[in-house]
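There are structures below to look over.
Each of the next two complexes has chain A plus one other chain: chain B in the first, chain C in the second.
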Partner chain A sequence: MSIAASVSGFLYRKPRLRLGMLLSAPLLWLGLAYLGALAALFVTAFWHTDTFTGQVVTEWSLDNFATLFTDEVYRTITFRTLGIAVAVTVIDAVIAFPMAFYMAKFASPRAQRILVIAVMTPLWASYLVKAYSWRVMLSGNGLVGWIFGATPGYGLTATILTLSYLWLPYMILPIYAGLDRLPNSLVEASSDLGGRSWRTFRSVVLPLTFPAIVAGSIFTFSLTLGDYITVKIVGGAGQMLGNVVYDNIGAANNLPFAATVATVPVVIMLVYLAAVRRTGALDNL
Partner chain B sequence: MMLSKKTKYVLLAALVLGLAVIYVPLLVVLLNSVNSDTTFGWPPSGFTLEWWGRAAQNEGVLRALWTSLQAGLAATAIALVLGMMAAFALQRYRFFGKDTVSLLIILPIALPGIVTGIALNNAFRTILGVDLGLFTAIVAHATFCIVVVFNNVVARLRRMGGNLEEASMDLGADGITTFRLVTFPMLRSALLAGGLLAFALSFDEIIVTTFTLGAGLQTLPIWILDNLFRPNQAPVVNVVAAVLIVVSTVPVYLAQRLSGDTASGGRL
Partner chain C sequence: MRNSRTLRLIAGLMCAGTAVAACGTSSTSSSSSSAGGQGFTPPKLEALSQLGQPEGALNILAWPGYAENGSNDPNVDWVTPFEQATGCKVNVKTFGTSDEAVSLMKTGQYDVISASGDASLRLIAAGDTEPVNTSLIPNYADVFDFLKNKPWNSVNNVSYGVPHGWGANVLTYRTDQVSPAPTSWSAVFDANSPYKGKVTAYDSPIYIADAALYLMKTKPELGIKNPYALDDKQFQAAVDLLKQQRPLVSEYWSDYLKESQALKNGDAVIGTAWQVTVNLTKSEGAPLESTLPVEGATGWSDTWMVATKSPHKTCAYKWLDHIVSPQANAKVAEYFGEAPANPKACALTADAKHCETYHAGDAAYASQIWYWTTPIAQCIDGRTDVKCKDYGEWTRAWTEIKG
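Coming up: the complex of A and B.
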């Protein structure tokens, strides 16, 4: 018997060893390197920077959190960011639902496949380029002004518009998957019982696809909460949480405070995930 | 479906309009790269390939392209190995903590990019004492690319079951031979699709890259961001943006064609 054969024979009799060998490298990479980095970031949030030397001082304190909660500026930015996230989520759900509905219920199987690719491919087109394209479109003599005769310019509206554009496919795909699983017979039964389109939608389709909508909202929410580049490109003066984090790492060189601010989107996401757990949305991801 | 004709047409109109909104901005960027106007005015005043020629000779752009390629290829290679190992472990075995491990694989992409970015930045700089460079960016990219390869391989493993491998073993092939002649050939297109998607993801990534790439280095997206607000660079920025669209969507399209089970590509 060759060495290779005897090694593989030995491994065949030891499934636990095989599993251990398969898991060790990915776990070392993700568990140690990535989780470790996240844990360290969380710890850093309790440290602070020496105002004189700019060095990180490894002393425990809640000062950063106190600043975050008491300073008017950060409260405004937190609520603005949350407001933008909610607006983007609602806009995307309203636009995505009819699109997904046609894809799932009226398109032929072949057309469905093509439509999924058509929705998905731009999802991967550069985030930066897509944000940039809205800067081009919203500019004084851009396409939007040319078509509608006016442009919202750069600011809060442009931020919401651009973020809604960026995350729309993330909303379409889960809703499409949810509608695709919804049996046609239920919709037909509702019509047989006299339900008109709107009634069927409200009492049958919407409740059954709600988890899919929530699944989509996880992406629109999480991605919006962490964004700072779109704001830089089309946002005018209004800042989001991501900008505070970015500025504290770069210009202000205050990594501990950046870490403190970064815990806000993470906590919001964890609370949101815990809240929607019961809708079954997590199984729709 | 028992919905009225009118509803059907309204929904179709919504779909067509929605797809138009998705594609128009991308087409505008592509058009602008051959627009003879130097500002992004609409409608375009004429057609020119001058900016493409200038971009092709711009040293900063070429260096950024080279950095993007190096980071993308290295991250993809690491993600292929780690993603495949994780996929085999989670798809073929039951063990304690399995759900935790699958959550761990999704986490780098589920958390906002800025959190992943500064977590790694902090770990490299203050904890490990490593200077940021190309290497640190590759490590960061590989971390969030693993999930893409993982999803593709898991989907394929689930679909192909274990019958053929068992047959191979019954016929006397050892584990290594079975992997080489049976398992791997069946996984090949899934790995290729996963690799293409991982490369596209790495090529586009900007937030995590901003925090993990060393000073003095630029990937194409970072080059764009650095030059976005310089009016005299606008035409070259448009060309680079057009290149990014093409380089990141073509692999995704190919990956879709290659692997029928890439339901959503991995970010979802």
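Coming up: the complex of A and C.
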């Protein structure tokens, strides 16, 4: 018997070992590289840096968190970031739903495929190219000003607009998938029972696709919470949580405080996920 | 071209954005010439006494754009000629901040580094870089005297490196929308500035020094001697000034192309800029001018240094000589957009007026510049009775200013 055959025979008799070997690599990846990095982040948040050498000093303290909670500016930035995330999510949901509804229920199979590709196309272009093209459009003598006679200029509005544009496909696709799974027979049954289109939409379609909307909102919400580039490009003098993290690492070399700030979006997302878990939205991811 | 611009942009950003640059007092204040230098005694190290045979390899640690081998832009290459002339095979590692540079130098894997003022002093203090025997560097003799033996490249008149080039953060404005031509930073700081909502300001904590510089001249009662050494009261005054400036600002820039675009489109009409931004925007047809205001300005000045543990010292010295040679220095200065350290470079720049534009050799101009330095708790203006705000606090204040 060859070695290969004996090894395979041995593994055949040991199903647990077989499973262990199969899963060890992904588990290592998940455990060490992914969760390990997150754990390291949290641990770092309790340390501080030596100002002259720039080295991280591994002494435990809650100073960073105290600064985070007592300084008003961080509260302001957190609420601003949250507000932007909510606005972006709402705008995307409002735009995405009719679009996905048409794609899933009215378009021919051929048109459906073309529309899905059309929705995904912007994802193939570089993030920076898209953000900079919004910068050009929103400029004083850019496209927006030319068409509407005025432009919001660079600032909060511009940030929300640009982020809504950037994350729209992430909202359309889950809703489209959710609507696609909704059997047409249910809609027909509703109209057979005398439900008009609005009633059908409100009592049948919306409740059944709500989890899909929430699934999409998780994308738009978390992507917005972590963003720091768009606001740099079109945000004028504004800043978001991501910028505070970036400035602390990039400019101040204060990794521990950056880690402290970085825990804020993580906590917000955990709360959000816990809240939406009940809707069953996580099954739609 | 796009590529090289991006690169220059990154280079500029790195240089500017962060901890950068030189420690700084101007050459005029001899009483405080030990600025940044005091407070530590460098380890006793001897400079190289003579050159040997080139060792065949050289590991360079540099700001992006300072050691180009043609891979970013085939027309931008001063590393290959060096390799051909000396037989030293060059490896380039770029860094993004002075802090990163300092920690990379501690690995002992690099032979030379292009250090900015704050990094250079820390490297000297830690013994990571050693004194440089300038007599072994023929081109050093040509370097502008006002750049030699400064607080950020020497300790007790012992040279620790070769000056590379420098630049100032100038006041730029649209000539069609700003009149009369501004002569003071008050145009961007005064709450009643007519350019409200059209001011652009630099997005880095180090910009607090620009406010301190302005206060140094307009509010002498604060007693600011060096915009990088601010005690509680002085620091608070600078922060308040910037908070007052905040409503005037249309946007903070950290990307020079972004600023150029804003100026070109008229989204901003006045603000602080690098000369390279002004040139670029003018070349695209915008009516832009720049000026060095009466209060002076902040700026940067960099130094090439040799690692103490370098096994390739002959190659290292050859590189230091090469980088301030007229040909290479001209190329770097033009690619990065700064004033060269070697006056002979001025005859070799592709743009014949490069040195004029960047005020190379203009010692009077250079003395009005407060080169970037990282603020530390120990006041670098020589005061010992107060504690100054360190860079960590500057960063937090900056976040607060932007709100």
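Rule of thumb we're sticking to: the second predicted complex is superposed on the first by the 251 of 285 C-alpha atoms of A that agree within 3 Å, B and C clash if a C-alpha of one lies under 4 Å from a C-alpha of the other, contacts with A are read in each partner's own complex, and residues count from 1 in each chain.
Definition applied: a residue touches a chain if its C-beta (ideal position, glycine included) is under 8 Å from a C-beta of that chain, and two chains touch if they have at least 3 such contacts.
Note that the structure is a prediction, hence the values are computed from the model and not measured.
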{"item": "Fit or clash between chain C and chain B when superposed on chain A", "value": "clash"}
{"item": "Which of chain B and chain C A:Ile233 touches, first, second, both or neither", "value": "both"}
{"item": "Chain B versus chain C as contact partner of A:Ala274, first or second or both or neither", "value": "neither"}
{"item": "First (chain B), second (chain C), both or neither touched by A:Ala25", "value": "first"}
{"item": "Chain A residues touched by each partner, larger count belonging to chain B or chain C", "value": "B"}
{"item": "First (chain B), second (chain C), both or neither touched by A:Ile3", "value": "neither"}
{"item": "Which of chain B and chain C A:Thr76 touches, first, second, both or neither", "value": "second"}
{"item": "First (chain B), second (chain C), both or neither touched by A:Ser139", "value": "both"}
{"item": "Contacts of A:Ser197 with chain B and chain C, given as first, second, both or neither", "value": "first"}
{"item": "First (chain B), second (chain C), both or neither touched by A:Ala150", "value": "neither"}
{"item": "Listed stretches 1-9, 19-27, 55-63 or 181-189 of chain B, narrowed to the one that overlaps chain C", "value": "55-63"}
{"item": "Footprint overlap on chain A, comparing chain B with chain C", "value": "135-136, 139, 141-142, 232-233"}
{"item": "Footprint of chain C on chain A - complex, ascending", "value": "49, 51-54, 67, 71, 73-74, 76-77, 135-136, 139-142, 153-154, 232-233, 235-239, 244, 247-248, 250-254, 257"}
{"item": "Of all residues in chain A, those that touch chain B in their complex", "value": "4-5, 7-9, 11-12, 15, 18-19, 22-23, 25-27, 29-31, 33-38, 40-41, 44, 56, 95-96, 98-99, 101-103, 105-106, 115, 117-130, 132-137, 139, 141-143, 145-146, 165, 168-170, 172-174, 177, 184, 187-188, 191-192, 197, 200, 219, 222-223, 225-229, 232-233, 242, 245-246, 249, 255, 258-259, 262, 265-266, 269, 285"}
{"item": "Touch list for chain C against partner chain A, complex", "value": "17-19, 96-97, 99-100, 102-103, 122, 203-205, 246, 249-252, 254-255, 258, 261-262, 265-267, 376-377, 390-392, 394-396, 398-400, 402-403"}
{"item": "Of chain B, residues touching chain A in the complex", "value": "1-4, 7-8, 10-12, 14-15, 18-19, 21-26, 28-29, 32, 39-43, 81-83, 85-86, 88-89, 93, 95, 101, 104-105, 107-108, 110-115, 118-123, 126-127, 139, 142-143, 146, 169, 174-177, 197, 200-201, 203-204, 206-207, 210-211, 221, 224-225, 228, 237, 241, 244-245, 248-249, 252-253, 256, 263-265, 267-268"}
